[in-house]
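Same chain, two partners: subunit A is paired with subunit B first, then with subunit C.
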Partner chain A sequence: MKASNTRLQAVRDAVNRVDLKNFRFWFQIVAFVLFVYGGYFAIDLGSRLPFFSCGYNDEGRAGICYLLPLQHQLSQPWPRLFSLASIAILTGFLTFTLWFIVLNKGWCGYICPLGTIQDWITALRRRIGIRYSTYSESQFEQLTKVKYLLLALMILIPLGVGGGLFSHDVSPPFCLICPARMVLPAFTGDVSQFTIDFSSKTAMVMTALGIAVTALFLVGSFVRKRFFCFFCPMSALHYLLSKPALLKLKKDGNKCTRCGDCYRVCDMGIKEIADDVTTVNIMTDDCTMCLKCVSSCPENGTLKATFAGIPIFESTEEGFIKRMGKGLQHGK
Partner chain B sequence: MSKLNLCVVAMLATLSMNGHCEDYRSGERRVGQGGRPGEAQAAEWRAKRGYPEGKADAADAAATPPVSAAEHRHGGAPAAASGAPAISGKHEEGAHSGGRPGGMRSGGAVWLSDSPPMRGDGSRSGSARGGGMGGMDMGGGRGGPPMKRLWPRVGNDPQKSGFAREDAEAATEIMLVSPGKSEGEPLKMPAENHAGLAFEMPAQGYYRVYLTNRKLQGDKLSISVAKAEVANFGHGGDEEEQARAMLAPRFLESAPIEIVRERQPGEKQFFQLKSGDEQAYLVLQKGLPLQGARVRFVSHQGWSKEAVSDEQGRVVFQVIRDYYPQWSEFQKRFKAACLVIAEAEAAESGSYKDQSYSSVRYQATLSGSYQPSPDDYMSYAWGLGIGLLIVLFCGVAVYLYRRRRVKPFQELRFNESK
Partner chain C sequence: MESDAKVIPIHPSPYNLSRQAAEAQTVLDHIVDDFSDNPESMRYFYDLFRRVYCQGEELKHEGLLVGTTCIHAPEELIYAFGATPVRLCNGSYHYDQRGADFMPAKSCSLVKATLGMLNSETVIPKIGKPDMIVNPTTCDQKKKASAMMENMGYSVYDLELPSVKESEASRVYWQRSVRQFAERLRELTGRKLTRKNLKEAMAKTGRAQAAFRTLHNFRRQSPSLILGKDAFLVTNAYFFDDIGRWTAAVEKLNEELAQREKAGFKAVQSKAPRVLFTGSPPIFPNLKLPLLIEESGGVVVADETCSANRMLYDMTAVDEWLVNDMVDSLADKYLKPCTCPIFTRNDDRRRRLLDLVSSFNVDGVVYQAFAGCQVYEMEYRSVAEEFNKAGIPLLYVETDYSPDDKGQLSTRIEAFLESLKNRRKQRA
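Right after this comes the complex of A and B.
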C-alpha cells in the first residue's frame, strides 16, 4: 500500500514537473492532424464535436463541429422544428454536451484546430520579433460580450430562416463568417471557400463578410494571442455548460501571493486569474484551459487542474523552477 | 441467385458506391468512364439473354444511328457523350409522336416528375417549398415521416409535358422500392392525375418508384418503365443507416428495363448534379446491362442529345448550361428538370393477354434535376482580392497605430551634486 502510494506520488511529481509548453505543442499537432486529415484515414467522430473541426473540410475532417448541424437543424421550417423532429435537436445537443463535459474548455486549448493555427501564428510573430498587443481593461470588458451576441445571433437567425423571415442565403450564419470555413479546408488543398457568391445580394454580403472576417483573423492573430477565441460563440456556449464538466481549473486563494505570473502568461489576458483570491473554480468564459497559468505558478498547490475532483496537474515550486530552466540551485 | 447475377450485383454496388468499377479480367480500374467488360463477361451476358454469339453485335450495329457532331444551342458547357459510339444533339420540338409504347394516351415518353405541369419546374430544392428528386425536403405531416409526391407526365420535354392520362387498353403497374429492399411493393394509382403518387419515406436512403405500362399494338408489345429515384437523407439520424443506404444497389432485378444513374466518384448523400458535370447512366434489362439501347438526355429547356449504350449498358452525357435568367432573378438553387429516355427493340415473341406478339419495344425513362454550376456565380478573384485588401489595410493600420504610440527616447539626467 505504502509502495503504491509512493509510486503514485512519483508519477504526480513527474507530471507536475512536465514541460507543458512542449507537451501542448505536440498534443496540438497530433490533434490538428487527426481532425484536419483524419477523414483520409476513415476516422469519423460524428457531427457533435465541441470545437472547430470544420464540416466544410469535406475530405479531411474526422468529425464535424456541432455549430454546423445545430444551425441546420434550427433553420428547419417551424412546423417541423416544433414537432417530434425536435428530438433530433435535443439528442444532438445531449451528445455535444457529453463530448464537452469531458474536457471542458480544454477542447479549445488543446484540440481546436483553429486555436492551434492561432498559436502557430503567434509563434511566427514571436520568431520574427514583433511584439504582441493587449486590450485595455475597458476594451476587455466590452469585447468579451461579443461572443454572447454572436451566439444569440447564431441561434436566432436560423430560427428566422425556418420561419421564412430571412433568406436561406444567410444560413448557416455563423459558419458563413467563421474563418475555420476558409482556413481549415485550405490545409487539404481545398480553396473553394475563398470565393464571393454573386448569386444574390445576401449571399454576396455574407461571403464578403466571411472573407473579411478571415482576413481580420489572420491579421488579428498575428498581433494578438488567440485573437478569435475572444469572439468565439462556441466558447460562450462552453461556458454556459461548464458547471458539470469533469476537467476543472481550481485556485487556492490562501496560497496565492498575487505575483501576477499567471496573468502575464495568459494568452487571453484574463486578469481574474491573478486578482481573484476567493473563487475556487477560477475558469472564466474567455479561458481556453491551456493550463499555462498552472505551469507558471511558483506556489505549491495554488493552481491546479482536476479531473472529476482528482488533481491531475498542479503548480509546484519545483516544476516552476524546472520549466523556467533555472535548475534547483536555490533549493540546494 | 446465379453466380452471374452476383457478379453484376457486385459490380453495380461498386458503381453505386464509388462511381467506378473494376474490369475483373484485366484488373484495370476505370473511374467515371470508358471501361469495357471482359469477353467472358460479355459472353455470359449474351448467354443469359439467350443471344447466340455474334447476334447481339449484329443487332447492335443495326440499331446504331449514324454518328453526327454534337451541336449546342447555347454557349454554355459543351455537350459530349463519351463511352458511347454514336452521338447527336438537337432541340426537342414538343412531344414526339408515333412508335411510342402505349399505356398513356398522348404521344411522348411517360415519366415521373416531382412537380405537376401547372406549377412549373425549377422550384428551389432544399426547402419545404421545393422538394426534389435528390433532396430531402418533402414536407410530411407534423411529426410524421417525410412525404413525397410524384406526378406521371407524358412528353419528351420536361417543361411542356402534361399529365399522363390512363389508357384503358394498357396494363399499368406502380411499384415503390424502399431503401434496403430488393423487391417493390405496389403503389396505388391516384384517382385523379392531379393528386399524384404520394408515399411516405420513413427510412433514410433512396426510394425508387417504377411505373410500368404494357400494351399490345398489333404484333408488337410495348413496355415502358418510368422511374424516379428520390433521395431521403437527413443531417441527424442513424449514420450507419445512411452508410448502408449509400452502398445499396439501386436497380430492380424484375424491371423489364430501367435506367440507373451512376454515382459520381466520392458522391455523398446530398449530391446535386450541376451544369457542366458529366453524368453516366446505365441501361439495365432485368438487372443486366443492355447494349445498343438508344439513350436520349433532354435538358430543362428541351435540348436533347442521343447516345447508344455500350457493352456495359453505359452512356455518359455532359449536362449543359441552359439557365439564362436576368441576373436579378438568378437562383443558384434553381432546380432544372432533366429527362433520360432509353429505347430498345427486341425480336422476342410470346403472347400477352392471349394475343401473340413477335417483337417487343422497350422504353425506360428516368427523371432528375440539375442546378447551375457554382462557376457561374462564384468568384475567386473577388474573394482573394477583398481578402488581400483587408489584410493589407489592417496590417498597415496596425503598423501605423503602433508607430504613432512609440514615444521618442528622452534622456533623463539626475544631477547628484545638488
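Right after this comes the complex of A and C.
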C-alpha cells in the first residue's frame, strides 16, 4: 500500500514538473491533425462536438462542431420545432453536454483547431519579436459580454428563420460569420469558402461579413493572444454548462500570495485568477483552460486542475523554478 | 609668521576603533560566540560581516554602482545594464544618531540611519559613492529623504510607485515607471537593454531566489535546523554582497542543513517556542529583537519583513521572453505580491502572515515597529484583530536602534515566550 502511494506521488511530482508549453504544443498538433484530417482516415465522432471541428471542412473533418446542427435544428419551421421533433434537439443537446463535461473548457485550450491556429499565429508574432497588446480593464469588461450577445443571436436568428421572420439566407448565422468556416477547410486545400455569395442581398451581406470577420481573426490574433476566443459563443455556452464538468480549475486562496504570475501569463487576461482568493472553482467564462496559470504559479498546491475531484496537475515551487529556468535559457 | 605656528595634526583614528565598528563588533560577537552549534557554512557570512562592518574592508563591484533605498527598485534591470545594485537601508545606531539632524524627532530609525550613513565621511559598508541612488516613492519619510540625499551631492532618481496596488490603473502606471527607470539606466550606463543581458540578470536573481526559498523551506522543520539570527544575517548580506558569491554560500548552507535534517539535528530544544517575526525590518547591526528572542529560548522560524522574506521570496513569471514582456513581468513582481504597509490596503499582508503561521507551525508572532514608522504602527491594529480572531498570540514591540530599552524588552519577551510555552503545554 505504502509503496504504491510513494510511486503515485513520484508520478504526480513528475507531472507537476512537466514542461507544459512543450506538452501543449504537441498535444494541440495531434488534436489538430485528428480533427482537420481525421476524415481521410474515416474517423467520425459525430456532430455534437463542443469545439470548432468545422462541418464545412467536408473531407477532412473527424466530427462536426455542435453549433452547425444546433442552428439548423432551431431554424426548422415552428410547427415542426414544437412537435415531437424537438426531442431530437434535446438529445442532441444532451450528447453535446456529455462531450463537453469531460474536458470542460479544456476543449478550447487543448483541442479546438481554431484555438490552435491562434496559438500558432501568436508563436509567429513572438518569433518575429513583436509584442502583444492587451485590452484595458474597461475594454475588457465591455467586450467580455459580446460572446453572450452572439450566443443569443445564434439562437434567436434561426428561430426567426423558422418562424418566417428572416430569409433562409441568414442561416446558419453564426457559421456564416465564423472564421473556422473559411480557415479550416483551407487546410485541406478547399478555399471555396473564401467567396462572396451574390445570389441575394442577405447572402451577400452575410458572406461579406464572414470574410471581414476572418480577416479580423487573422489580424486580431496576431495582435492579441487568443483574440477570437474572447468573443466565441461556444465559450459562452460552455460556461453556462460548466457546473457538472469533470475537469476543473481550482484555487486555494489561503495559499495565494496574489503575486499575479498567473495573471501575467494568462492569454485571455483574466485578472480574477490572481486577485480572487475566495472562489474555489476559479474558471471564468473567458478561460480556455490552457493551464498556463497552474504552470506559472510558484506556490505549492495553490492552483490545480482536477479530474472528477482527483488532482492531475498542481502548481509547485519546484515545477515553477524548472520551467522558468528553461525559459531563461531557451525562451523566445 | 604662519610657518612658525605649530599645528598639531589630528590623525583620524583607524576605522576599526570607530564607534560604528565597535557597534558591529559587539553584535557580531554576540551572534557568533553566544550561541553553540552555529552551522559551519555560516562562517562565510560571519567573516563577510567582520571584514566589511568591523574592519571596514572596501567592497568591489562591477560597472557603475546604483544605490537602492527599498526593495521596490528592480535589481534585475540594474544588473542587466552591467551595473551593481547595493541596498542602502542601514541598521546602525551610530548613523541613526547622525541622521537625526535631517528628520523630526519621532521618525524612523532606518531612514535616519540611511541618511546619517550617506552624510558621513566613512560610509560603511565601504561601497564608494553610488553613481545614482534609486529612491522608490514609498513611505513619506523615504519620499522626503530624496531631496536631502540630493543636497548631500548624490544623484537621485525617484522611482514612482503607486500607493494602491490592487487596481489595474496603478499596475499600468507602475509598469510605465519601471520602463522609465530602464530608460534612465540606459542614459546612465550608455548600454542597451537586450534580451540576452536581461535574461542573464534575471537568471542571477532567479538562482538567488531559489536558494533563498530552499533555506526558507528548511525552516519549516520542527525542531529548527537553523536559528533566525543566522537567517537574518544571510539575507542582510544580500544587501551588499556579490550576488553570485552570496548564492553559492547559501547553496552551501542549504547542503549543510540537508545533512542536519538527515542526522536529526536540533538547533533548539523541542519545546522552544516558534516565533514569526514581522514589521519593521531587522538590519545588521540592529538585530536586537531577533537576538533577544533567541537568547531567551525562542526561535524565529519565519519572517515577513523587507530585509528578508519580502525581498527575496516572490519570483517572476514570464510568458514571452521579449524585452518588453520581461520588463513588465518584473514590474508586476515588484508590485503585486508586495506586502509593504505603505499601500492602502493590507489584506495581502494579513493573509501572508496567517499562511506563515500555519505552514511554519508558529506559536506566536512578534511585531516590531520602529518608533516613528507610522505605517507599521497604523497597521498594527488590523493585524492584531485578525490574530485575535484566529487565536494567535501577538507581541507588539515599539522600539528603535537604541540599545537603551534592551533590559525592558528582554523582560517582555521572556514573559511572552513563557506564555507561549504554557499555552502549548495546556494544549498538549
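Simple rule for what comes next: the second predicted complex is superposed on the first by the 325 of 332 C-alpha atoms of A that agree within 3 Å, B and C clash if a C-alpha of one lies under 4 Å from a C-alpha of the other, contacts with A are read in each partner's own complex, and residues count from 1 in each chain.
Keep this in mind: a residue touches a chain if its C-beta (ideal position, glycine included) is under 8 Å from a C-beta of that chain, and two chains touch if they have at least 3 such contacts.
Bear in mind the structure is a predicted one, so any value in this text is a computation, not a measurement.
J.: Contact-wise, after the overlay, does A:11 reach subunit B, subunit C, both or neither (first, second, both, neither)?
T.: neither
J.: With the two structures laid over each other on chain A, which partner does A:94 touch: subunit B (first), subunit C (second), both, or neither?
T.: Neither partner.
J.: Considering only the touch criterion stated at the top, classify A:30 as touching first (subunit B), second (subunit C), both, or neither.
T.: neither
J.: Taking the superposition on A as described, I'd like to know which of subunit B and subunit C A:274 touches: first, second, both or neither.
T.: In the superposed model, A:274 contacts subunit C only, not subunit B.
J.: Quick one: is A:296 in contact with subunit B, with subunit C, with both, or with neither? Answer first, second, both or neither.
T.: Second partner only.
J.: Given the touch rule stated above, what does A:194 touch, subunit B (first), subunit C (second), both, or neither?
T.: Once the two structures are laid over each other on A, A:194 reaches subunit B alone.
J.: Go through the superposed model and pick first if A:257 touches only subunit B, second if only subunit C, both, or neither.
T.: A:257 contacts subunit C only, not subunit B.
J.: Between subunit B (first) and subunit C (second), which, if any, makes contact with A:126: first, second, both or neither?
T.: second
J.: So, A:324: does it touch subunit B (first), subunit C (second), both, or neither?
T.: A:324 contacts subunit C only, not subunit B.
J.: Looking at subunit A, which of its residues have contacts with both subunit B and subunit C?
T.: No residue sits in both footprints.
J.: Flag every residue of subunit A that touches subunit C in the complex, lowest number first.
T.: The touching residues are 126, 129, 131-132, 136-137, 254-265, 271, 274-275, 277, 292, 296, 298, 317, 320-321, 324-325, 327-329, 331-332.
J.: Where on subunit B does subunit A make contact in their complex?
T.: Contact set of subunit B toward subunit A: 124, 126-128, 140, 142-143, 234-237, 239, 330-333, 374, 377-380, 382-384, 386-391, 394-395, 398, 402.
J.: Under the definition above, what is the set of subunit A residues touching subunit B in their complex?
T.: Residues in contact with subunit B: 44, 46-47, 69, 72-73, 77, 79-80, 83-85, 88-89, 91-92, 133, 168, 191-192, 194-200, 203, 207-208, 211-212, 214-216, 218-220, 223.
J.: Which part of subunit C faces subunit A closely enough to touch in the complex?
T.: Result: residues 166, 168-169, 172, 199, 202-203, 206, 210, 213, 313-322, 324-325, 328-329, 332-333, 336-337, 348, 351-352, 354-355 of subunit C touch subunit A.
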